[in-house]
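Take this structure, written in structure tokens, and hold onto it; I'll ask about it next.
Chain naming follows the written order as A, B and C, and within any one chain the residues start at number 1.
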């Protein structure tokens, strides 16, 4: 039981008006485990992931909470200390491959930068090897090419190569396939799976798509309106969802065979700062009762399956 | 001669403006930013003739240093005197150029800082200093180059006042003399010349873009 | 959208901007000073000479000292301020109307007229302001109307550009097209619908152009092509100060100070207006 990453009661707010964006989020990633962070847009999943590496946008700040990497607190770390970890022990790949690479720098150079940043001997061969391992054709040519000469799928591969080149212990993947075609998506998923196996790496896969996630991970963290709704093993979540929101999510996949936005639950998620003292899902929940609207639900755990609901699925009321 | 002055002034202005813009943009909204913007505002507000007159007053009258009192020396005739004569005028014009350049640099830098690839660079562990200069600055150049081109073109004719004060035989001054002496043909031809230069500058700016931004290179 | 409530929030945003606030206060003070000159409420007449008080430094009698003719600098500065301001205001007024008219009609009706307007204004735009103003003033004359006119011509192209842009995109908007279908006459559409949308951007440009106009006017006066002696003008005073400054620093300081304050205040007002347009982008 060796958690490589522990997020403890993380709360994020806007810097200016102190509006709550992420509320008391906690979860753990074991060594070698792959965890999915699932939720729709606005649920706070991307912000949570960004805060791990200290990459929050200027408008957002940490309100409270801690993040521990291998037992060490990284949320309090100075910028220079964090710099040693970024790209090296923890890496991240992002949602939009079209804008995530420096358009004025050659691809090879951008990957070499990772070596330089961590004072490791950079060598052209290593980079070309990396490009080859992510299945980029003509890696020697690719080395001296610019990002705009590549398609989205190719750029995402470059990002993966760049993130994995120093064999990090943990990879944070923020919806890397959302902006890509379905066929390319599959290739990227397999690529990440393979890389993970080869390097015994832990993975945090963020997505709004429970279906994709289920393929990639062992444990799922469901987020809603800035809070954690449910955490459990993939099988558990699918077979015995406890939180009504998770139930709704699963319902939408089973009905449709291809990934679409959630349409089956009427209404829209509330803004995290407007629901101080009630369950986030109360206004849309088919199982809602009076106590749901007056206080935040507790977070009981049974058999490493936690959920924040007063009246979960499968219970009496 | 106007060309020489324009080149010096633009160089001073761009370097100064970009540096201050960088300084300002590194911590937007902070005291640094305030100082930077304050500079930009004052530099904009000081008319060139006021600054020139002040400089002349201080150096010529108090320290008795006035290289521009001598007849203008071309660079190949007397390089040292020529450079000295260029000093004050280019300083004055340089400050005037620095103001809009600084504004452009600042807003361009601020915009680039928010872009995704900057986040990627930080996320992969690149030291912040390098991120600032290599990633952010280089990608902010576009609007700065445009502004530089505009300023340079402007200086070609617009430095009349400075030329007059420092007795430098420039094109602007020529126009002025032509007007005062009612020699309209001089005015006409000089103005034509200036217009042509302006067009050439615009073309040059385009060429520089092509060189700096690899994306545009592709589309040729 | 009721006019009253939107005007209230507009001013609220403006006041919120620090630069806007400072700018407005400064500007008001300067305007008051200029008005004093307009109504002849000056401590001394700007042309009044006093042979007993030649080249005196700042004192309670003469706030900014006197010049070589014994004239009170403070009064002259206020008078010069009034002159510079009035010339600039008239010039920018003309430029705005001309630019607005050309820009909006060219943008709205398009076609040959539009291309012609754009090309012409680009040609004028290509020239440095001082140079162009110089050339025009030389052709016209030295009265203040001529100067205003020259400056107006110099700054018209930018108004053409500033108004034409939004018009081009506005006329594609669905609700504008709808009014056309409903049979509104073009002039009615222009006045009722397009104009209010351009207003804010226009106002910002007016503030900025005023600051440039003041610089240009004083530049012209400095060169001797604007206001003529013995009338007071900020640029002219700086020019006169050249020979005096080594022993009478106030002859340079006073006009320069007021010049700079005017330019700074107008720029700040422009910034404040820009902030009230779009509160998400803050200057300071």
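The working rule: a residue touches a chain if its C-beta (ideal position, glycine included) is under 8 Å from a C-beta of that chain, and two chains touch if they have at least 3 such contacts.
Here the structure is a predicted model, which is why all the values come from computation and not from measurement.
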| query | Among line, ring, star, complete and other, which best matches the way these chains touch? | reply | line
| request: Find me the chain with the mean Cα position closest to the mean of all the protein Cα atoms on display. | output: B
| task | Quick one: report the Å distance separating chain B from chain C, using the average Cα coordinate of each chain. | result | 24
| query | Roughly how far is chain A from chain B, going centre to centre by Cα mean, in whole Å? | reply | 47
| message | On a C-alpha centroid basis, what's the spacing between chain A and chain C, in Å? | response | 54
| query | Which bits of chain B are touching chain C when the two form their complex? | reply | 29, 33-34, 37, 41-42, 44-50, 53-54, 56-57, 61-62, 153-158, 160-161, 164, 172, 175-176, 179, 187, 191, 194-195, 198-199
| said: So in the complex, the part of chain A that touches chain B is made up of which residues? | reply: 53, 55, 57-58, 79, 83-88, 91-92, 94, 96, 99-105, 113-114, 117-118, 146, 148-149, 159, 162-163
| note | Per the touch rule, the chain B residues reaching chain A in their complex are 114-117, 119-128, 130, 134-135, 138-139, 213-215, 218
| said: Considering only the defined contacts, which chain C positions touch chain B in the complex? | reply: 123, 126-131, 134-135, 138, 211, 215, 218-219, 222-223, 225, 235, 238-239, 241-242, 245-246, 249, 252, 256, 259-260, 263-264, 267-268, 282-284
